[in-house]
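One chain, chain A, appears in both complexes that follow, with chain B as partner in the first and chain C in the second.
Moving on, here comes the complex of A and B:
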């Protein structure tokens, strides 16, 4: 078991390093002239500068060192928790992220909880419906939630609950009141995914032999569903929570933009619009880190919920 | 998903296709293989019995037509501004209403289809070509090639796809094409995985072995036997990813990374209408509903094909 944990930890670090490297390559090697993008992001006209001034700026941005040295100096900084400075206002990026982390974590956390509860609750309710046409229609409903652009759902909810009914504020982040609409918006696509997977998983588990045993012992369908089916069917959903975080990160960028919330997602949108490369690198790496860590936790917790996998011989 | 197997499993209404379905199987008489047209017809028949599928397919056909010849579907100019006609609600003259410059919104959506569909096609094209190549190489060659490719794919799968898209758009700039490329990169790993699994399944089937023993070269076995029989799940994934690509490009252009005005993708239309949400909600809600319905149709089509 210790060996397994160590190898998963090593793998997580490797993926994280891969994420940083790929993002670095995309950001700093793909553009023909990173300096002019960076100057643009800092609000300086490249044409107005003399070659000497350009050299000074190039040194300031660390672009004079050559790609390899620049890469390793950035990587060294990241390992020590120093993400560099934003091009636009020269603030340390760590400070920018810290100031915006709390509202984003609030939003993402409540969306995850909400999507798991709503998705699983929906699937459970549908599985109890016995009238076939209704059941079939309800089974298709999660696909609709997945097909709707998340920013559009946000606009629709603002229109209905903020402008028409006036129940919640349309934008901003003060308190629980302003968190509800964005959290619901963000929870819909993930919740729909959970519902879809759980519904499929219900179908699979009902065909397992131990269900026949349970029914043969005289349990009612409802009892079997609650005691035997649900616990087994939830396992794929558990794995999926980790994977859904990846989509959630991008959707959070959209939702924070729609609801004009201060947060890391908005920061990402603004940084991309300004082509503020160090900020984009920091946010992508950080999001990848969160994604990797959560998936690591899910993987390590999995044997707790499903002891079978530690007992079966490993095939690969 | 071989067509012959489909033929035998599909319940066929007897009177219409008796020549195909009721062909004598017994008695040792070798059954003639029906023509390609008839086989296709038999495969497609159960689809025609599903109204939901037809509705979705009709809408997708409309969208593709809009992308190819937008002029056919609307009489207005998408860029013609008219001060007198601004902010008109939906009516018979302006089906989706008009925007803040008096432009017909339905026309803008129809013309927006060109950019949005092009972006989705490019994205899926990249994902399909690169993913298919990687998957086929990995599955068919095996060994070291498989090992290297699948490790790379694992790393890509371990990253949230649209995050890399943000980085890519920062680096290569804004517009429909960069956004499409960025989305396309994100769907490569899924295609590679699916194709590899299918190729692995097909390549050990007896007829592939027979073809190899018959002296066919590896490339022709791949091209004539393995690929045609592995496309089923890949086709489903393509349809699903087409919907995903539409959503993702709409999201990226909503954030302001898409085409420059006055050209407008669907995402841009929704973003533009957002400024007038309080007074004229239809400006962003109608294009958004349109996108949702299109993606849902693609989703439904993919599911129907999968169930077939």
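Moving on, here comes the complex of A and C:
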């Protein structure tokens, strides 16, 4: 087991390093002069500077070291938890991320919980429906949730619940009231995915021979579903939770903009627009880190939920 | 069975734990705004230059806020553009225009308790000057152009000495850019000031600023020294101002309709439908032409570019249907742009004759220059298409209308939308034919900030806008406009300059820059300052 965990940790670090490196290459090696982009991002007009001043600034941004040296000095900083400074405001990026991460975690965390509860609850209820036409119709419903763009859902929810009914504020980061609409908006596509997968997986498990046995023992349909079907059908959903985290990051950009919330999503958007390369690099790496960690946890939890999946040392 | 109950209990516990953050955030909920709070929604914060430091700020939304926090030696009458007393009661300008003696009010204090006096003024100007040395491209640099030093004569008198004439200097002393901050603010770094460490003498105090989110102003107790442009002589009527940045137009307007925002203040004028919606919910719409340049496109005339040919530039000037633009993109009442400058700018000269829509004249010019109409309706010369590239940060219906107008004379307009970072590097590398830019200031000297290569924020853009033959003359006229405080002579210089910029195709005015706000019906006393900002001191909320 320890060996397995160690190898998974090693893989996780490899993925992180890969994400960091590829992002670095894209940001710093694409055509265009990194110095003029960086100066533009920090609001300095390169035309107004003398060659000596430009040299000083080049050294300040670490661009005088050459690509490889700069890459390793950045990587070294990351390993020590130092992400460098933002070009636009010269703030340490760690501090920027810290300030923006809390609202984003609130949003993403509640969206994940909501989507799992709603998605699985929906699938659970639908599979208990015995009248076939209704079940067929309900089974098609998640596809709708999945194919609706989040910004449109967001605007619709704002119109109904903020402007018409006045239950929730339309915008802001002001406590739980302002969290509900964006969390619901963000949860709909993921929830729909969970519902779709779980419904499918319920269907498969219901056709397993041990279900017949259970029914033959005299258990009701509901009892069979709760005790035998659910546990067996849940596994694919766990895998999906890990994968959905990736989607949440880019959907948060839209949701945070529509609801005028601050968060990492908005920060990413701002950083990309002003070509604040160190911030973009840090956000991509952070997103990759979250993705890797969640998937690692999911992988390690498999044996807990399905004892058939256990890691035993290879017999040699 | 017992075991199964336990497992359900476990799931409930997990669910409860998962919801804990939600419950916790509920406890953090702040009290909602009380009745005497004004809530303003702007479209966005400046993400390129994150700064509230008055000397650096060009972002007009910030200048609206700063106008109420920091004050200046003089003010500008919004109706006439005339310079009127504020923190300085009177002033004298030496005949050579190089010495300004200001007599200061003696009843003014900064919000940190410090007294406002001649020493504070000297510190402010010296610190601003030091900033221009460190950062030559800083926006305030042209305002301070020619500044040599300041002498404290006594507590109430300060002499400011210029090394070369700068006729726009008196107007500059009325702007937020040359506002006088408390000496303590200048002891901090520009970075700290950028983040809101600003102490002024204004009717409001900047309590907090969170970039891209918003800011909070609170009433300054004991305030009693507004300029004559303001009606309320004492403390503000409102206790608090909450400014938020709401990027989505629909959400901004919805919040106004719902009543959770009192003033909607986007960067671009309201469309017909938008103002209809807001008005139907009791909004009053206030408009003002922003002084300074209109919205212009500037050409890239460097060698090899299509607009290097004066005939093509002149044809382009004639191909733009400006009345059609104003009426189509905005409405029939929208003013039609008539010069490089907006009409609220001092020394504005109408160039209506030179900006007339004349597609036939344009076609003749192009024919004569060898640009013949091809099969597809566009013009070609030696196999090269007459296709201009406009670099913009967002595509607007206006750009598309312009595209359509130019198509009628056979000019293709290609609009390339880029992010701000690329926009800057495109300017540096000259990768454009046309590019739009503007700044706001109640004096034509603002043109130097982007059309005079010696002072421009984007020196390359300024340089590339001129045919080399015209540059010397333009620089001469810029200097002539600043060398004398005689209004007739200034008017003559800026009149000739506007002629030159239009006739030689250095600038292509597109539309008058109107700034609009929608104000809720229970909010009274909204007034514009000369530069198109607002004085919140006069605002009252009747709930």
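The criterion applied here is as follows: the second predicted complex is superposed on the first by the 309 of 316 C-alpha atoms of A that agree within 3 Å, B and C clash if a C-alpha of one lies under 4 Å from a C-alpha of the other, contacts with A are read in each partner's own complex, and residues count from 1 in each chain.
What we mean here is this: a contact is a pair of C-beta atoms (placed from the backbone, for glycine too) under 8 Å apart; a residue touches a chain by one contact, two chains touch by 3 or more.
No experiment lies behind these values; they were computed from the predicted model shown.
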Chain C versus chain B on the shared chain A, clash or fit after superposition: clash
Touching partner for A:163 - first (chain B), second (chain C), both, neither: both
A:108 touches, of chain B and chain C: first, second, both or neither? neither
First (chain B), second (chain C), both or neither touched by A:90: second
Which of chain B and chain C A:224 touches, first, second, both or neither: neither
First (chain B), second (chain C), both or neither touched by A:19: first
Touching partner for A:172 - first (chain B), second (chain C), both, neither: second
Chain B versus chain C as contact partner of A:234, first or second or both or neither: neither
Chain B versus chain C as contact partner of A:188, first or second or both or neither: neither
Chain B versus chain C as contact partner of A:120, first or second or both or neither: neither
Region of chain B that runs into chain C when the structures are aligned on their shared chain, from 201-209, 255-263 or 291-299: 255-263
Shared chain A contacts, counted only where both chain B and chain C touch the same residue: 37, 155, 158-159, 163, 257-258, 272-273, 275-276
Residues of chain A defined as touching chain C within the complex: 32-33, 36-37, 39-49, 88-90, 105-106, 109-110, 113, 117, 155, 158-159, 162-163, 166, 169-177, 179, 227, 257-260, 262, 266, 270, 272-276
Residues of chain A touching chain B in the complex: 14-15, 18-19, 22-23, 26-28, 30-31, 37, 140, 143-144, 146-152, 155-156, 158-159, 163, 245-247, 249-251, 253-254, 257-258, 268-269, 271-273, 275-277, 280-281, 283-284, 287-288, 291-292, 295
Parts of chain B lying in touch with chain A, wherever the complex brings them together: 155, 158-173, 243, 247, 250-251, 254-257, 267, 270, 274, 277-278, 281, 284-285, 288-289, 291-293, 295-296, 298-300, 303
Interface residues, chain C side, partner chain A - complex: 4, 15, 18-19, 21-23, 25-26, 28-30, 47-51, 135-137, 191, 194-195, 210-213, 244-248, 250-251, 254-255, 257-258, 260, 419-425, 428, 456-460
